[in-house]
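So, here come the structures, one by one.
Here chain A shows up in two complexes: once beside chain B, once beside chain C.
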Partner chain A sequence: MYKKFRQAWPFLLPGLAGLLLFYFIPFVGGVWYSLTDGSFENKFVGLQNYTTVWQNQMFQLGLRNTMELSLICAPALFLLSFLLAAVLHRIRPAGAFFRSSVLMPYLMPSSAVLIIWLLWFDYGGPVNRLLTVLGGQRVDWLMGAELRLPVILLFLWKNLGFCVIVFLSALQAIPDVLYEYATLEGAGFRKQTFAITLPLVVPSAFLVLILSFVSAFRIFKEVFFIGGAYPEEPLYTLQNYMNNMYGKLNYQNVTTAAYIFAGMVFVLFGVLFLSQRQALRRLNGGD
Partner chain B sequence: MKKLILWILTAALCLTACASALAAAGDRTLVHLSTVDGYMNAYISNVFLTEDGVAVYMNGMESKLVVYREGEEPAEYLMEEDEITNVPDEDGEEGSFISSYTQTLGWFTWQGNMYAVQYRSTSEGENTTVEGGFVKKARLEDGRVKLEDCDIPQLDWTYMIEEWGPGQQSSRGLNRMTVTGGMLVGSSWDNSGSNVLEVFDLSTGRAEEIPMQDMDSIFPGTEGTLLMTRYEWSENPIEYIIRYDLAAQSEEILGSVQLTDGQVQGICLDEKNNTLYMAMNGEIRAARNMDLENTEAVTDCPLSYDANMLLLEDGRILLWNQNAAVIRNPDPAARGETFTLTVQDMVYSENLSDAVYDFTDARGDATVVLKRGGLTSGILQAMMNRDAETDIYTLLYDSSEFDALRKRGFLADLSGNAALSAAADRMYPFLQDALKQDGKLTAVPTGLSGSAIGIHHDVWKKLGGTEEELPRTWDQFLDWLGTLPEKVDGTEYGVFDTWMDRESFRSNMLNILLNQYQSLLNEGEMDYAFNTPLLRGLLERLDSLDYDALKLAEPHYEEDGGMISYDGETYREPLLDIYTDVTLETWSGAAQPLLLSLEEGREPILPVRLSVAFVNPYSEHAEAAAEYLALSMKNLRKNVVYSLYTDQKEPVRDPYFAENQKQLTQWLEEAKAQLEKDEDNRAMWEENIRMYEENIADNEKNSWMIRPEAIEAYEERTRWLKILSYDFAGAMTSADNGGGDYYTMVWGYAQQQVSAQELLSGIDKKVQMMRLEGN
Partner chain C sequence: MRTGKRFQLRLARALLALLAILMLLPMVQTFLYSFSSIPEMKAFMKTRGSRDEAAWMEAHLSPHILSLGQYEQILIKDHTVLGYFINSVGYAAAILFGQALIIPALAFGLSKFRFRGREVIFFLILILMLLPFQVTMVPNVLTLRFLGMLNTPWAVVLPMWFAPFYIFLLRQYMIALPDELLEAASMDGAGPFRSFLRIVLPVCRPVLGAAAALSFAENWNLVEQPLTYLSSRPELMPLSTVFNQLAGENTGFEFAGAALYILPALLVYLFFQEDILSGIQLTEMK
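And then the complex of A and B:
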């Protein structure tokens, strides 16, 4: 489109400047910060912070909990949203109301949702009453490891709508003629799913999976509302650690923890990206 | 030619630069009254302009008018004493009197003269009637204020008289008196407590009362008008600034301020320059062309709460309240080269706010903006941003924020300031240890406090107890507590105050124990854990006390949730007090802290909570900030000074001691003289003489602000005092989203709904997480 690369510069410059100013420089600055002692003198200490943070028990606890919660929440969100999107896609146009409704929790403020959630999972709340009606025992959902379940359910309930919409738009973008042509060619449901639906949905599915992980990594607001800065151990996340370190003026540990985690997320997303490529290759009949 | 022009330009540049540098700011502190000596012996009742200066009317031990004239020493004029007359009531019972009392309500100036407004209250039998509105002209002569009749007629006082029962009258107060358009105006409250304007015509004496809903304050306006502030309470409360026309009784809104941005302390109008000045948040802001949306800070306002404001003829502003009267120059050009020192006082330190006056008087080139309150976490954000805007901060020593700043070296070194260094060297070792880091002074104290269980030794002695019988450890204390009900039975004494209930006792004991235990943990000799056999054991023993025998009842709650703990039982003088301050006590009836160690073989600990001021390491005025702190140290209250310095050994008499002693001695002499003359009433005069002699002896013995024994006792116990550092509870409450969990646990324990085991394991769980995270 442009005859010379030079002609593109004026158009690229504003965007690049923003990227440089708001992403690249703070990123490099943060790296530098993670290599200093964080005192008023801010002395260079090399990788000492990385060793200290990596060996810190609470960092390890936060990282483990964050990973565990993410590995439960993200796949569950991915699967549930795909299934719900497929159902809503089937029942269109009657599903218009449900399609809109499913997005509502996403739009509601977390604090308001949380109050309702706390009432539901209270010791004398509806969930426990239902359990006793079904012959079970009451559970103290808001204490100890049990608190994870309400938090996971809250996360799913709140984020499901957005992922469903992404999946639904991907499903609705597949031209009907492809299915009609495949039917004429004698392809059954299974063949249509693997040859048409999945290859065309995979890019969106990959996006949903990434977004699910991103949301799951950020599962903190809900935990903070319930348990404060120091919640029950099973709910102490990496963000608790970073938030508390910030309160102790320990910025170098905040940045160090953030970069360690960023590195791990980078690796995870790399694996996901390679998996997506593999999946597409297989579905498109490659090796 | 070029050279000549260059020379002229250079000379002009030098002259203009020097002129601004040499120009005086024009700021002046006329009066500043503080409680630095432990008491306030006067307050400013009124300030007004005279023909040639500013008159400050002070009330207190003596009433006087001090006139400040430019370039002269202040001239003092004593007020005539309020007129009291007693005449025999011929119509009343035999020996009854009609008493009348004439009092000055306020002052105003009009047409170059000073006037006092008075009212007279007359008591006849059980009836009290009020007449008022007498205007007297004041003449300053021979060091006295002489009041004389004048041409102004008596003001109609009808609206000012309150009827609060049959035959019972009193006069209302009249605040912020000012004259505008020949009308004397003041604000007051009517019977229902609503704001009203009282307006008096000075030529006819006619009065009018104008209701003013939600009015905050009034200020002088231009002829025939007033300025006033009025609140509008809503989700976003607003304070309106209004010009009120008295003749038309109409108002014009000049602008408004969001109350979230700060409360307007005072306003005044410079009509010539069409500028409104507002005092708020420690600053005077100018709204040029009456544009209240875009105001500019022009100078500081050292007054800590409401401020009356008056524009002087030379463009400077006179500000005053009950504590101080100052003049500020709002013209930036006339102020010359100045800098602003900003103080963020999170702990509301009186000495820091008093130092503003001393500092601005000492440094003509400085303006001090003192801000109170604010989020302590904001300091960490400011440090992260290397923000130099605030020069001095105050915090609690045991707050997590101060702990973080101290550990990371974000406290400027104050050792370079000779006055501060010398002051620190005079302090008790427990304070020096806390305030110095690697030998450098990094903070100065602004206050200290701490509570312990106290014992009234005199009561203990009267109960037949000896010093040797007193407990030395908490275990012994709890055993000893069990024996006390029997000891006080049948005596006029109680173990605790009659109003003390079980919950208050338990929560306070828990607080004292936790603080003491934490001080022990901070010494680093033990594992940092709360759920230990030692602490758990003590709390469990606290659970098993016989509260009924100790007469510590369950608190009663009223229907509206209010608590009544005192059930009307006869008052008994208590042996123990659970809120005894461990710093230097200032009153003779105070209990002495009981020295208890946590277990046998350990030393007693008396934890002290310290508030400190320190300088921002990024401050661009670090030296001036240290100078300011040195002045703030001079403004510390007497009891704090004696609690800090090792060389403060001289006892301090009560401020009224000499006056009282003089009065009593005079009465004694008079009684003795009467005894000689009046043989018929010999017994009465002898009794009076005995009483006066007793009073003189009593005054001699008890009339102390700081008693010699208190100094001795405090000095003795300083070796047990420990500054509380990094309070886990403070950290838990600040980090824990309001600290709900922590308070629920503590309150649950106080109400005996949470066991010691549950409480301590709950605390430990969080404390261990905090500690494992590291700093």
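And then the complex of A and C:
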């Protein structure tokens, strides 16, 4: 609309200055930290920090757990929210109450809800009661590897609503005429789903998947709520490693770990992006 | 076929109702328990963690005797919880204030002005938005250390002023606004600044409401930043990092604390619910 940059900069300046100061400049400058040894002379050591961090057992544990938890949480969040949005979309007028009750946890501080969560998953709590009623055995949810389930469920409880809303708005943006026309042409529900709904929803779906991963990488929050600042091994995440290194003022390792993780995340997102393009092409080109 | 479909719908609705109850139950239960007396809650919470195969925790939803004892404790007698609560209010208010000054203007600059490099800047902000917190935390730390702000409240507040997600959210909404809106205004002699205040901001009400509510929710549940940036100043922590401890101490008034913490979020949610449902348009991502 406005063509003169002269008019734009008062709007851009404060925001861009902050982004440069807090994010972009130190992000580039931080590379220097990851290549030096942090001693008084601050010698250049090449990629030595990278090999050290990569071989560090706690880093490996944190990275593995973060990746495992994210690879469970993000796809689960994605699929659940898509299913839920599809159902909510079909029962449209009556869905208002359900829609808002699903969205509500996203706005709630999960820190406050954690006390209830710990009660539900207690050895003598409601979850185990339900299990025994269904003929199962009690499980010690708050110990060892089982801790992961309450952590994952708390994450899903909290984040489901936002993804459902994004999907819903994508579904609602599809004009009804398309479906009416398809019905007239004799296309059934399945055919309509593949020919109309999916191709139009793929871009939003891709965004939801990426955002699910971004929030799943922050599962440290739920880990901290349920497992504390020093969790047991199955819950030790990358953030724990980084906080630990940060506490020791080891900025070399903190920055190095961050760049390794950033690299891995971008490979993951690149693969997802390419497969989205493939999927779009197949849906648009196919039958 | 017809009855089959109707049955499916009914089943879907029943499952949805069950899910809705499960989603809301933690809040409902917290509020109900907050009206139990302190001794009752202490006794109840003591039954946690028992490995006795024969014993169960008592399953109840409502308090046996209604009491405001927990609230009396946290609001009048002992101000620890209230102190952390006030910290939380301070962080949320300071972050929202800065974001309100910076982010709408930046989004406007990136959507309604045409200049070289605009797309590059937006692309970089997108990348920033997609980076995990563990990665963006590092540049923040380096700058905060350089500015001598670590272990001060500014460390938590300042980086959040430029949170890329809200820039993205607002920009996506503004770029979809028709240019005619602004052209008409400039015919009447209004410059960009005036159009921004008088036309763009009012039209963007839903997305501004949605962004404010989502940002509040994030700021009200801060964990990583305070734990890392304020590690040597426990008295500056927001309430969100304290519940963990509170739950372990068995004070008898943890539920009133939790209810107090949920209440502002609940009000924000009720007030902005419609905006969130209508203001979030992330698609059309290029």
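As a convention for this text, the second predicted complex is superposed on the first by the 258 of 287 C-alpha atoms of A that agree within 3 Å, B and C clash if a C-alpha of one lies under 4 Å from a C-alpha of the other, contacts with A are read in each partner's own complex, and residues count from 1 in each chain.
To be clear about the criterion, a contact is a pair of C-beta atoms (placed from the backbone, for glycine too) under 8 Å apart; a residue touches a chain by one contact, two chains touch by 3 or more.
Treat the numbers as computed from the prediction; the structure is a model and nothing was measured.
Touch criterion met: A:166 reaches chain C, while chain B stays clear of it. Comparing chain B with chain C, more residues of chain A are touched by C.
When the two complexes are overlaid on their common chain A, residue A:41 makes contact with chain B while staying clear of chain C. In the superposition on chain A, A:236 contacts chain B only, with no contact to chain C.
Of the two partner chains placed around the shared chain by superposition, chain C is the only one that A:14 touches, whereas chain B remains out of contact. Once chain A of one complex is fitted onto chain A of the other, the partner contacts of A:58 are limited to chain B, with no touch recorded for chain C.
Shared-chain residue A:251: touches chain B and chain C both. In the superposition on chain A, A:141 makes contact with neither chain B nor chain C. Legend: residue contacts after superposition of the two complexes on their common chain; A:228 is shown touching both chain B and chain C. Counting contacts by the rule stated earlier, residues 224-225, 228-229, 246-247, 251 of chain A appear in both its interface with chain B and its interface with chain C. The residues of chain A lying in touch with chain B in their complex are 38-41, 52, 56-58, 224-225, 228-230, 233, 236, 241, 244-251, 253.
Put simply, chain B touches chain A in their complex at residues 377, 380, 383-384, 400-401, 403-405, 407-410, 617, 732, 734-737, 740-741, 765-766, 769-770, 772-775. Residue ranges of chain C in contact with chain A, taken from their complex: 9, 12-13, 16-17, 19-20, 23-27, 29-30, 47-53, 55-57, 59, 101-103, 105-106, 108-110, 112-116, 121, 124-125, 128-143, 146, 158-159, 161-162, 164, 167, 179, 182-183, 191-193, 196, 213-214, 216-217, 220-221, 223-224, 227-228, 231, 239-241, 243-244, 246-247, 254-255, 257-259, 261-262, 265-266, 268-269, 273, 276-277, 280-285. The touching residues of chain A, counted against chain C in their complex, run 1-5, 7-12, 14-16, 18-19, 21-27, 29-30, 33, 84, 87-88, 90-91, 94, 97-119, 122-126, 129, 138, 140, 142, 157, 160-162, 165-166, 169-170, 173, 203-204, 207, 210, 214, 217-218, 220-221, 224-225, 228-229, 238-239, 242-243, 246-247, 251, 254-255, 257-259, 261-262, 265, 269.
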